[in-house]
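Contents: one structure, followed by commentary.
Just so it is clear, A, B, C and D label the chains in written order, and each chain counts residues from 1 on its own.
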Amino acid sequence: MQFTGGKKGVRMKETVIIEKNRVEMNEPILLVGLPGIGLIGQILCKYMVDELGGKLIAELYSPHFPHQVLMTKRGRLRLIKNKCYTIKTKKKDLLVLLGDVQAPTSEAQYEIAGMVLDFCEKNKVSEIVTIGGYRTGKLKKKKRIFGSSNNKRSIELFKKRGVIFGKSKGAIVGIAGLLPALAGLRKIPGVCLMGETHGDYVDIDSAENILSMLSEYLGFEIDLKKMRKEAKVREKIIKKIEEEIQKEMVLPQKTKDISYIR
Amino acid sequence: MQFTGGKKGVRMKETVIIEKNRVEMNEPILLVGLPGIGLIGQILCKYMVDELGGKLIAELYSPHFPHQVLMTKRGRLRLIKNKCYTIKTKKKDLLVLLGDVQAPTSEAQYEIAGMVLDFCEKNKVSEIVTIGGYRTGKLKKKKRIFGSSNNKRSIELFKKRGVIFGKSKGAIVGIAGLLPALAGLRKIPGVCLMGETHGDYVDIDSAENILSMLSEYLGFEIDLKKMRKEAKVREKIIKKIEEEIQKEMVLPQKTKDISYIR
Amino acid sequence: MQFTGGKKGVRMKETVIIEKNRVEMNEPILLVGLPGIGLIGQILCKYMVDELGGKLIAELYSPHFPHQVLMTKRGRLRLIKNKCYTIKTKKKDLLVLLGDVQAPTSEAQYEIAGMVLDFCEKNKVSEIVTIGGYRTGKLKKKKRIFGSSNNKRSIELFKKRGVIFGKSKGAIVGIAGLLPALAGLRKIPGVCLMGETHGDYVDIDSAENILSMLSEYLGFEIDLKKMRKEAKVREKIIKKIEEEIQKEMVLPQKTKDISYIR
Amino acid sequence: MQFTGGKKGVRMKETVIIEKNRVEMNEPILLVGLPGIGLIGQILCKYMVDELGGKLIAELYSPHFPHQVLMTKRGRLRLIKNKCYTIKTKKKDLLVLLGDVQAPTSEAQYEIAGMVLDFCEKNKVSEIVTIGGYRTGKLKKKKRIFGSSNNKRSIELFKKRGVIFGKSKGAIVGIAGLLPALAGLRKIPGVCLMGETHGDYVDIDSAENILSMLSEYLGFEIDLKKMRKEAKVREKIIKKIEEEIQKEMVLPQKTKDISYIR
């Protein structure tokens, strides 16, 4: 007898979003900070969630993420994932998407972006703001914010806050560009904000810069003092985890090359 | 609760064609010029669209295209795509397919070719003419046009216009060969025209050569004078964009290698 | 006429589990030992099946496994596969999963893990215990057992048996981590046990170590004396097969590179 | 309006077999000779089709084959494909599968093997005989035939004809091993015959050797005299085509690396 398995979704043949808590939201704005140049988006979003009391509402898992599982200090297994939090501020309801990784292939990036946009439509997201880094290879004191958007109105609104449009060129790699661009096909306003940064270093200044502007734009208050301290602690933790993940990623591969089948 | 998303097409799990404008056409001929050897097809098709007033009727997006988004001078985000224009000439209705890229894998090339052929059938396309380059590694003054076709009749018709059949050997890589070959399985006549070219340079002469022949074959008039000038301007723009895209493509990769998971 | 084939499952477009024998089981515990660091899990599971009279109940085939077929001494062809045995002990019913390979990509690992979990649900598996190696790069006399789990209760139970939780860091690559982590999403308790090992050698001591602990935990008796002898015999066989597989894997590739199309 | 295409099969998202002619057959035997070590199977099968008047009954196309199209001497485009012929001999009806390439990935090999087996079932194939090469790295005068089978009876029958079973070790890569092994899951008898060969050269002797044995086994007569001559002519043609395909395969790739997006 051939057993070909049960429900397709559960087998995780494609990206899934698992909803954890149900929160009433009023046309929320989605902020996205996934790993990228200078870790700017990730630092910013994690700080917002911590500082403003974000509540976890959904987790995104994908078979396109590395087939690794992280070991926590408490002895628990943690799947690699992205997470979505909700933050209720005075003026706006926010959704914040952050996580361990971005998917490594085009097909996976499109699939995940599409799944996130479906989730946005379900939750009546009114605007998507992704945060990334704009690599210059230079160390500058004053760090500009560059933007690129899928609609004219957003360009005007962010220009008023000092964001520079049309001066940055080339291509945005990954979800920070793909998500607002694909959102355009669904008529959801979207913008990608990029903090100017060297590119080889984690850039807390640039994250702070964008967060400060966003707090004005979205009308929420946030204490930026702890950002530097917390980010530095997190940076150390991240680097340590990374080193160990790298070690694990390299070594079994080596073994596998020598003796693939046992 | 598990949320596995909405409509499949919108999530772009496969190539999609989004129709923009509806134009009545009478058994149009499809011309295809996507990036390839010497940029011959792309230059030719872009010039035709500009010069003869092509009207955008459809855009093709694919999850197999690079997961990058281009930033425009106006501060807008632009997905990587192929575009289909319609041109009404005195004798024939034309469809022209051009775009930013070709897909990088076999599976994606077959999928896109199949999607384009479905679109052709829907629009009752009567003939498919793809334009590419035939690399010789030599710089020649007189540049021949080579052809290969899925049917005898097209061979005869193009031979009369000086196209050389059966002398070129080997394989045609990508959509320029795949599209007319697959069209044969659907009984749509198709031919691939290849301009002789060195291969390492953009070849405006060879594009002009083919365009001149095609204008006679298809019975439309086109002023070739501006071609050289416009192509050179475009070449510069393309090179500049390419450099910046390359920069973006290389650098995040480097970062990713060092620290895949954050 | 186009013939696009028959039943999807049979065409093996995805992983399939083929059930061989039907055995009544009472909430069995699944032990998993697939090829990995130090071959610890595989040696342990194979020895249990041999020594305790495991009965083959299912075979797992996957199109993601290498497209190679092994030749047996009897002149038979053997597909690369994983196998599932059942062992009835005094206290518990056990399922044991072992096999030739692990799948090489993330997508395949998630698919196979999902399929195995479906199979677990069908057979009312009450707990999943995967066995792997924890690479230290050092040769030690006393070899610790590290663990990571998807639930608190398992951590407590295995801590009592000397398993160390929360001290190992980094990531577990492959099915040993993925299976219990994904099991958590289905509310099936799961734990990954890792024997401390150098990493470059087959480690029978470490396998014996874990097996001894497991026999107490699960309440079955097993004679460990033959383990060393049998494992060494098997190690030789495995190495010989590996060498020949490697030879086959490398050479046709070389030929293919030189002359891809014939 | 979104246009996501028409019939799935036609879009060639997976391997398709297109039936060309309908021939009544009585439980035919399938012989398979696709490109592999020493080109033994391919030379043998092509010679049989030519010499015994094989009739083309089906073509197999796959999106996993290279996205290249061959240019013929007559100026025609030829998709890369496999072909199935039928040969009616005095005693048995034969099906012969040969072609340009084998698919490059595991998933594609399994998909194609599955599709061919569906086709076998439809045509009530009673036995599958694949022909490959067994690489020794040595130049020998007397060339043995090695075999591996999915059933005992075939082993006995071929042993009587001098085929050696159980002495060859390691793994068979590709369709020659995968097809009879997967056939076993469908209860179709299958055997892989491997001609002993150096491995770096086209081996007509070894092909002749197997063909001679097969003609006795299957009870058909074939004149082997022309084999050497025809095979040498074909070898030259193949090499020439290969060189040109290689040229095409390498060069556009180089261009693409330099300027991916235009």
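Quick note on the criterion: a contact is a pair of C-beta atoms (placed from the backbone, for glycine too) under 8 Å apart; a residue touches a chain by one contact, two chains touch by 3 or more.
Everything numeric here is computed off the predicted structure, so don't read it as measured data.
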If you list every residue number at the chain A and chain B contact, are more than half found on both copies (same) or fewer than half (different)?
-> different
Which chain lies the greatest distance away from chain A when centres are computed from Cα atoms alone?
-> D
Expressed in whole Å, how far the mean CA point of chain A lies from that of chain B is 34
Dist(centroid_CA(chain A), centroid_CA(chain D)) in Å evaluates to 49
Which residues of chain B are in contact with two or more other chains?
-> 10, 18, 66, 68, 171, 241, 245, 249, 261
Which chain pairs here would you call touching?
-> A-B, A-C, B-D, C-D
Can you list the chain B residues touching chain D in their complex?
-> 9-10, 14-19, 35-37, 39, 42, 58, 66, 68, 80, 100-101, 104-107, 109-111, 113-115, 117-119, 121-122, 135, 147-150, 155, 165-166, 168-174, 177-178, 180-182, 184-186, 190, 192, 199-200, 238-239, 241-242, 245-246, 249
Chain D to chain B touching residues, read off their complex | 1-6, 10-13, 18, 61, 63-79, 240-241, 244-245, 247-249, 251-252, 255-256, 259-262
